[in-house]
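The structure appears below as structure tokens.
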Amino acid sequence: MEAPALPAPGAGMSADAKARIAARAALELHPGEVVNLGIGIPNLIPEYLGPDTGVVIHTENGLLGVGPRPDDSEVDPDLIDAAKQPITALPGAAYFDSASSFAMIRGGHIDVAVLGALEVSGAGDIANWAVPGKDVLGVGGAMDLVVGARRVIVTMTAASSTGDPKVVAECRYPLTAAGAADVVVTELSVFRLVDGELRLTELLDGATVDDVAAVTTASYVVALEESRVG
Amino acid sequence: MTAATLTTPEEAVGAVKTGDTVMVGGFGLVGAPLTLIDALVELSDARDLTIVSNNIGEPGRGLGKLLRQGRIRRGISSYFTSNPEAVAAVNAGEIEATLVPQGTFAEAIRAGGAGIGGFYTPVGAGTLLAEGKEQRVIDGVRHVLEGPIRADVALVYAARADALGNLWYRRTARNFNPLMATAAAVTIAEAGEILEVGELESESVVTPYLYVDYLVASA
Amino acid sequence: MEAPALPAPGAGMSADAKARIAARAALELHPGEVVNLGIGIPNLIPEYLGPDTGVVIHTENGLLGVGPRPDDSEVDPDLIDAAKQPITALPGAAYFDSASSFAMIRGGHIDVAVLGALEVSGAGDIANWAVPGKDVLGVGGAMDLVVGARRVIVTMTAASSTGDPKVVAECRYPLTAAGAADVVVTELSVFRLVDGELRLTELLDGATVDDVAAVTTASYVVALEESRVG
Amino acid sequence: MTAATLTTPEEAVGAVKTGDTVMVGGFGLVGAPLTLIDALVELSDARDLTIVSNNIGEPGRGLGKLLRQGRIRRGISSYFTSNPEAVAAVNAGEIEATLVPQGTFAEAIRAGGAGIGGFYTPVGAGTLLAEGKEQRVIDGVRHVLEGPIRADVALVYAARADALGNLWYRRTARNFNPLMATAAAVTIAEAGEILEVGELESESVVTPYLYVDYLVASA
């Protein structure tokens, strides 16, 4: 699978922003790591993993070793991911039941969970499953994943569609888990939680420190590192 | 218990009575026992059912059919959202919803089959979904006490069974099926293919036949 | 497998007594039932099951569907029972790990456990794993089996080798579980626990009510039923 | 984690350090990783070990060799009795013994691998083996609270592995091995046969390779 060309920086369209976030998040994954990818932006990440990264994909509905998306002719109705989309399985893949799958997750055997969120707080609290006043009827495996995975990467736009900051002082929305985030990738920047401290470590696609500050209500330390985008 | 009884979908779903708790396997429609669900929809009058299933089907499909008939009183699921009609029914007060994190849902069903009285999980601690549940700190980490989930009847799907009722699951159609097969007073297995005894490799049996009461061939 | 001839009643030898107990206990098992057999007398029971009883044998080290003992040429080092003796597996047998095996047991999926004991009390308390002052270092699956099996049959001689009664008012030895026994088969009689009451329901091999009373310190009701020994 | 590293018995047992807790699979000697045990006996100096294994081998066989070397400080088992030398060592105060009902032992190891903080079982309630443990009545039945068991290193045996480290177990040699493979910081699998990737059917893999750190061929 060849990585597609990155969308042009600053194109501003939502789909482009999401693709850029996915591309940057892909750089956080290391060879041999077992990774669980949530619905939405995280599901775009495989397109930005090179053919030899050796990242192993786990899907919580019961498969270790997810392969590329199938052609129409290869679709198997018994083979889907947690987004209920058709997938393939790599040689050496293993299937298991849901209790075994979540035993892997909760037991700390999944290296990385990448997932979307509504909000992340300066303390690493994640809110990604429920909006008060709306339906609170779907949690899926989100709580298990953020608690169980050794490293949790949140991928989301820096602000909501109505312009509200999403990296916040305190989450307004019901939590998925407290203090669970390790990395937050938006279209503007990368934040890292280090020893309980939120650090702005990288600016993306020409964004400035002020651009980030304008859509961030959480307190953070600016501690820029060399950009990892090649 | 004896070998599973091979029967028709109609006879099998006769085991479901009004007021029962019914587990239904599948992740969405994958691995769902669609022949048994159709029989429950078309050939059974049981109502006021509590459904334990990861989803309540999709609109007009799978358990979504039973929902449209107004025969579900309560759902225990991790993800009602995949059926907007289920969400609407909850919001209209027509069905009661118990939302459980997916891993806790799976583990609680396993516990129900395994005679475990309860277990502590760190998942959900301190969240809305732990409200009203006992919590305790173990090794510095807050945990929630979760009880087992059991049912009167489980409806499961397996790609292959043998004539005794041993079950083998294909690919991601395994999901909750082997867990639910252990956790109900009566387990009804729908199989895509029913083989002779001895045709399933003994190491490859996922659900040993002592868990299976009735065996039905997929339509 | 053909059932061997029963040893002569009243022969008095310990091996004979054990064989008679096993033969009588075999009559308690019904077609299609899943049965776990403990070490000692219970392990003799398969010899007294007819070829068509359809009793299914579970061994807690991970097999449902134990077959007859193998000939020397058939011994498979990977195939043993809980007594660590070679066995065979029937067509349609299933293997599983120890957690799954004990999930079956504890979860109430095993119909009958048959096991030996040091003492059984009038309340159905079972003591079968430890003698105070001796080594208390082996419990195995006994506690799981007596708690989890739907019906528990104890097979033992009526008195110990030193003549002490084994159906007792109260167990002196550490309990395996309280109130767990349903049936007790000795060489003299059958006792049943019904609604918490111990009943003497059958005399065996010419034993009298007085013979039983002489080696029993538990209180019980004499409620003899027709003998099941054919 | 990456694919399992294929290595020698000597290198593999280098993962075991003095003072470690080591899980060892097998029911008696069946399914025991005898090549790894021999390497631990002959090629490692680690001592003061806590051994988590259903038995402490047999006299001079399997873990019984390690016992004779005086390198075991504590055993956690359901049945020490199968090795009279282990019983003698306990009685002489040379090793500490923690006796656990076999089903609780298996479930606690599973819990250790599955991130479960503790569980309630009715087994052992009211007996000597529940002394000092929290008990509570659930649905009218007394239960004991049992904690998870974890280890620094697990030594397991599988009849077949693939080159990634996926494991398949034969007949009753499965027993505690798949559980222990999940419950240690470092898992070393000894395999009777090491196949190419793809030669194990994906539905038949019992231990997915993410649990396996080192892979060693049986001697």
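In order of appearance the chains are A, B, C and D, and numbering begins at 1 in each one.
Here is the rule we go by: a contact is a pair of C-beta atoms (placed from the backbone, for glycine too) under 8 Å apart; a residue touches a chain by one contact, two chains touch by 3 or more.
These numbers come from a predicted model, not from an experiment.
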By Cα centroid distance, the chain farthest from chain B is C
In angstrom, rounded to a whole number, how far apart do the mean CA points of chain A and chain D lie? 35
Intercentroid distance (Cα basis), chain C paired with chain A, Å: 57
When the centre of a chain is set as the mean of its C-alpha atoms, what distance in Å lies between chain C and chain D? 30
The positions of chain B in contact with two or more other chains are 107, 110, 114-116, 121-122, 169-171, 174, 202-203
For chain C, which residues are shared contacts with two or more other chains? 89, 95-96, 102-103, 105-106, 148
What pairs of chains are touching here? A-B, A-D, B-C, B-D, C-D
Chain A partner contacts - residues on chain D that touch it in the complex: 1-3, 110, 112-116, 162-164, 166, 182, 197-198, 200, 202-203, 205, 208-211
Tell me, which parts of chain A touch chain D in their complex? 31-34, 54, 56, 58, 64-65, 89, 91-96, 102-111, 148
Where on chain C does chain D make contact in their complex? 59-63, 76-80, 82, 84, 89, 95-99, 101-103, 105-106, 130, 135-144, 147-148, 174-178
Could you please specify the touching residues of chain B with respect to chain D in the complex? 107, 111, 114-122, 138-139, 141, 143, 147, 168-171, 174, 201-204
In the complex, the residues of chain B that touch chain A are 27-28, 30-31, 54, 78-82, 86-87, 90-91, 97, 99-107, 109-110, 121-124, 126-129, 159, 169-179, 206
